[in-house]
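Structures given as structure tokens follow.
Shared between the two complexes below is chain A, which pairs with chain B and chain C, respectively.
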Partner chain A sequence: MKTNESCVISPENQSVQIRHLEDIQSRPSCLRGKGVTKIFGTGGKQTVAVDHVDFDFHEGELVSIVGESGSGKTTLSKMLLGLLNVTEGEIFYQGKLRDISTAKKKREYWKGIQAIFQDPFSSFNVFNKIDTVLLDCINMCGGRHFSKEKKIELMTEACCFVNLKYAELTNKYPFELSGGQMQRLMIARVFLLKPKILLADEPTSMIDACSRATILDMLLHLRDETGMTILFITHDIGLSYYISDDVYIMEHGKFVEHGTADEVILAPKADYTKRLISDVPKIYEPWDLSTVKY
Partner chain B sequence: MKNTLKQVFHSPKFLVGFCIFTSILLMMIIYPLVNPGNPLEMIGLGTFAEPGTYVSLYDSVGTKTSTLKLDGADVKRIDQVLSGEDRVNMLNWFTADSIDISGLDITDTDTLLAMWKANFDPSIRLQGMTKAMRNYYIRLNDNINAAASADILTVSEIDASTGETVEKAEINKTDYVNVGDVANVKTLPLGTDNFGRDTLKELVSACGTSIRIGLIAGTVATFIGLLLGLLGGYLGGFVDDIVMFFTNIFTVIPSFVLLILISYSISQDQRGANTIAIVIGFTSWVWTARSVRSQVISLRNRDHVNLSRLSGHSLMRIILTDILPYIASYVVMAFILQISSGILAEAQLSLLGLGPKTTDVPTLGLMMNWAMLYSAHLNGSWWAYFPVILTIAFISFSLNLMNTGLDQVFNPTLRD
Partner chain C sequence: MSKTVLEVRGLTTKYITRFHEDVYAVDDVSLTIEEGKSLGIAGESGCGKSTLALSLMGYYFAPLHYISGEIIIDGKSISGMDPDTVRKTVLGTEIAYIPQSAMNALNPTCKTRKFIQDVIHAHDPHADNKQISELAESRFAELGLPASVLDRYPVELSGGMKQRTVIAISTILKPKVLIADEPSSALDVSSQKMVIKMLRDLMDKGYIRAMIFITHELPLLYNVTDDIMVMYAGQIVEKGTAREMVFDPVHPYSRGLMHSIIVPEQGTRNKKLSAIPGTPPNLKKPPEGCRFAERCKYVVPQCRYNTLPMIEFEGTRTYRCGHSIQHLKEVYRCEDE
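Take a look at the complex of A and B:
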């Protein structure tokens, strides 16, 4: 498996990692932000969660946003998804200023941007059967009038893509599945929707290492197949190096560093990035804990 | 769903509560079938007839008699006439007449009566004794004489045409009639109330009305609370501010005072049981709204709700399918508590005389109100209010038990 192989890559051996950086930089912008800010609370008790960040994500790019807990990654992702209102700043979607002022426009926007959340166990409505989740996606993509056979065919195809068997899943409830299976089902959902942008908010942090490799492999596979932009939000800087083209490092609501994965991780400039890198446990070397802050 | 129900019925607390509540409900259904008729029908003229079996005196005269010679029949007869109070009064008479009463035991009927017969003289006017008291002693003496003497009692009838008294029957002291042979016998397990109405029948009917009031009040309160809580919690922002504004106002004003004021402003003939129930519901939604709101706020940012939004579902659908099922167990528990507090609120309100109008249906609160107005608690007519209190206690106890049982099932941290 591709990701399993990438697990053994070291900085000296980069031949496996294929990055078409020039190619990606020249692609049109998919999602661009200018001075995006989110402030929670009013009056004296204000918390600035995201502080005037600028970003530019290109089509087909895999971007990682890395930062520790509480750095504002999830808030930013929710703003990008349109689940939270932006306090200040502008977000451009496909070159145009994003307009999600009405429910109808929001629905249209969500056809282009979808998400996978961190906790697979809380991502599903436990009262709905699995079929409902997939049928909703088909309906959303204009498949409401499809025949029952066609719908089942589509669902089977989606399940096949993530190595699940539709026949085994049908009429089951989410809690009857394992965490890895649920997360794969989320990918099946994205596969059906085929959005332009996928926001993966720490999709692998709650599942075991083996399932993690499978999930990552599927995400990369999905990108190759549909050419979607993937925003990978993670606290794991090591992981981000292996999978992403571009890396944004976030600290206290600000982007402290950004560039290609090689630039940021092999030659970090910001102190925060250096600390993040040194905090990753290494298998073959003693772990340097001198930089750990309390 | 099936599994949850199974779990619910395995909770001992819920089961006990459910059994008590079901037996009350069964009683409400079965008793009117056994004892049909209007519960507010006045069957007695006097107030507060004691619980027991009533045999028609008129009918028992003509009924076939059997002769029975029972031990101590005379003593029992006199005991029936002589109450404890009478015995003490007799003692007082002896003291006032300056008779030596040393060694006299007032529970010893024979000695007491012998002494009474030897010493009592209705013509004596004792110093300091009121006329009423003197008459009382004369009456007492007559009763004692009647019970002790005359082996045969004659029942006579006045002939309508001649106006003469015709002897109809002779009753010996040893004559007994079988209760089953008497044409009219009425058992009143809880006696009658102040208006001479069968208390048990009234209680069963009142229980039904009160539970209905509780159900309506609970439904109204839960519906308003749920609606406001869901909207405020899910929409947030301005809507939430307005909802919280009203909720806070209603929290600050004591709901019972509000209830009294609203009930007071509705005229007596407009105040049916249903009106009162709705008024109670309108004043008790506050806590449901607050707690539903806080639950919804914590649910609002859950991933499954976000995912549902991303799937383009409408507000209505998200609330109905992604939020409501998650708080359903909580709402059911709140509903049960609202029923219980609705019943209690009605009882309190009626006790103050602000309950439903009194001519329509009996309610538990009205029964207590009547008992209180006619001083049942002062003259010892416990059957007029005690069973009512017990019923209210049992209903709210069973509902609260069910609530706790449900809480233990739905809230795993409370499981033993």
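Take a look at the complex of A and C:
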């Protein structure tokens, strides 16, 4: 069992993250989409939320999908999670066509893909204590028969990974924690479940700048430790640049640009990307408010 | 010398919980804002930014209670007034507030035009509906909002549009001071820019005379406000101009905040972000001495029991720390090297 001290992520002992994965393109594909489309409504009142998008996420890659509100990011993530049906197109999971036609198959699929949502306050069952939340995860991934000591050891390790103290969390309810702590608890859940893919839908947009850095570093650490694919969905292009290997830019349901983080952010080609970057308030260059059109 | 619009001296307010415990959320806060200036307040969640905003309006209702201090708007003291008088004579005309979640600030069952009429009737029951409509239309046009918004329900507006509508409504009576409490945190970058442009327009056109902008996004504050004040656990820890605070923060906490900035610029990617470890203190039992001592890298034993006052330096700046300015600068210089 790890001790509390050895696994605390502090600026001093934090390992240098592997930020540029050279062999990413040669890795096997984890999740691939071909012409994925989602249309809401029928007849005359149709809204095309996601419009024939193609993507290929490799194993161990940290990909971010960036776009403004209403660009279809969340709809796409819901389709990837199997919470929404795909109107047209195909999604391949680990090289095979994804089949979630029955409840049993869907449950099996969810063992491989997990999510962290935007609002930590509504992500937990308010009636369950934190122990129950974590125990459920152990039971879900085949640890039902483990001894009590083993289960506590696993839970302690998971809490320790996200810099929380298990002893202080026992017998507490999720709402007794702060937003940042709750989001870290979500990451502890993912650490226990060890899915192939983690879908993080704006995990830092509701917490302050100070806890945000901690969460981002934990996601990077999680990827390095377990090798899972992380899809980071955000509207903040700065965060995506900091954290990801590959960036997809989404506008009106379509991917307008795709490439490595350095290519997309430092040398953007699409006008939309250029606008997104110029709209972020920066410190070292003046922010131009005169060009804003309502 | 320009005129002072808002002056606050030693404001202390507390929450009284169900179990009769006192939570000192705003502790001895003093600030002044001059005509045409804006002040940014930064700090992490739970440090008392929003409570300070509520306290500044002089509008106290349980569990928030006023303890001491003075709030002076344009020469008139509003502290100690009863809530009903404050609501009728101060809110909207002297000081206005933009809440964090504009999405919930509008009435879902009435159109914007009706909502504006209600707002104005609350201050002047005899106001003519036609004149109100004309005022609303001209103000919306000046602020770049389409007139069609007036005849729509809030559900028909996008998030950014709702936020701008709320701003237009809260400043319709030309308040002297506007408090914007994280008006852009829930918006994407493009809508955020529109909201900021609108706030700047309001200042430039003279509809508001001073502004307080609360957020945890420091690059945003740097681009929007003239001065920045950093709060920690209910107290001000450092105050200075935006430039000084971003490029040369003195207090260890302000420095920690500046180091957690992420912007899409070359060099961000390989920079190590230094998050401040630990959690803020429990304000039910605030620690004696420096409140930041528990999380501070440069803590020395006397930090934990010496009560710290705000110390002035370089003429205009103030900070609250047990270490001398020379010592801190020396330590930072060594660290950077």
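Just so it is clear, the second predicted complex is superposed on the first by the 268 of 294 C-alpha atoms of A that agree within 3 Å, B and C clash if a C-alpha of one lies under 4 Å from a C-alpha of the other, contacts with A are read in each partner's own complex, and residues count from 1 in each chain.
Operating definition for what follows: contacts are C-beta pairs under 8 Å (C-beta built on N, C-alpha and C of every residue); 3 or more make two chains touch, one makes a residue touch a chain.
Only a predicted model underlies this, so the values are computations on that prediction, with no experimental measurement involved.
S.K.: State whether A:110 touches chain B only (first), chain C only (second), both chains, or neither.
M.R.: A:110 sits against chain B, while chain C stays out of touch.
S.K.: For A:236, is the partner it touches chain B (first), chain C (second), both, or none of the two (neither)?
M.R.: Touch status of A:236: second partner only.
S.K.: Which partner does A:289 contact after superposing on A: first (chain B), second (chain C), both, neither?
M.R.: A:289 sits against chain C, while chain B stays out of touch.
S.K.: Quick one: name whichever of chain B and chain C touches more residues of chain A.
M.R.: C
S.K.: With the two complexes superposed on chain A, say which partner A:261 touches: chain B (first), chain C (second), both, or neither.
M.R.: The second partner, chain C, only.
S.K.: Now for A:171: first (chain B), second (chain C), both, or neither, which partner does it touch?
M.R.: A:171 contacts neither chain B nor chain C.
S.K.: Quick one: is A:128 in contact with chain B, with chain C, with both, or with neither? Answer first, second, both or neither.
M.R.: A:128: touches chain B, not chain C.
S.K.: Once the two structures are fitted together, what part of chain A is touched by chain B and by chain C alike?
M.R.: No residue of chain A touches both chain B and chain C.
S.K.: Going by the contact rule set out above, which residues of chain B touch chain A in the complex?
M.R.: Its residues touching chain A are 302-304, 306-315, 321-322, 325-326.
S.K.: Spell out the residues on chain A that touch chain C in their complex, using ranges where they run on.
M.R.: These residues of chain A touch chain C: 10-11, 14, 19, 68-70, 178-181, 205, 207-214, 216-217, 235-242, 261-262, 265-266, 275-277, 279-287, 289, 292, 294.
S.K.: Note which residues of chain A are touching chain B in the complex, please.
M.R.: Touch list, chain A to chain B: 78, 81, 83, 103, 106-107, 110-111, 114-115, 117-119, 122-128, 136-137, 140.
S.K.: Touching residues of chain C toward chain A in the complex: what are they?
M.R.: 44-46, 144-145, 158-160, 164, 185-194, 196-197, 200, 216-220, 222-224, 246, 256-257, 260-266, 268-270, 272-277, 279
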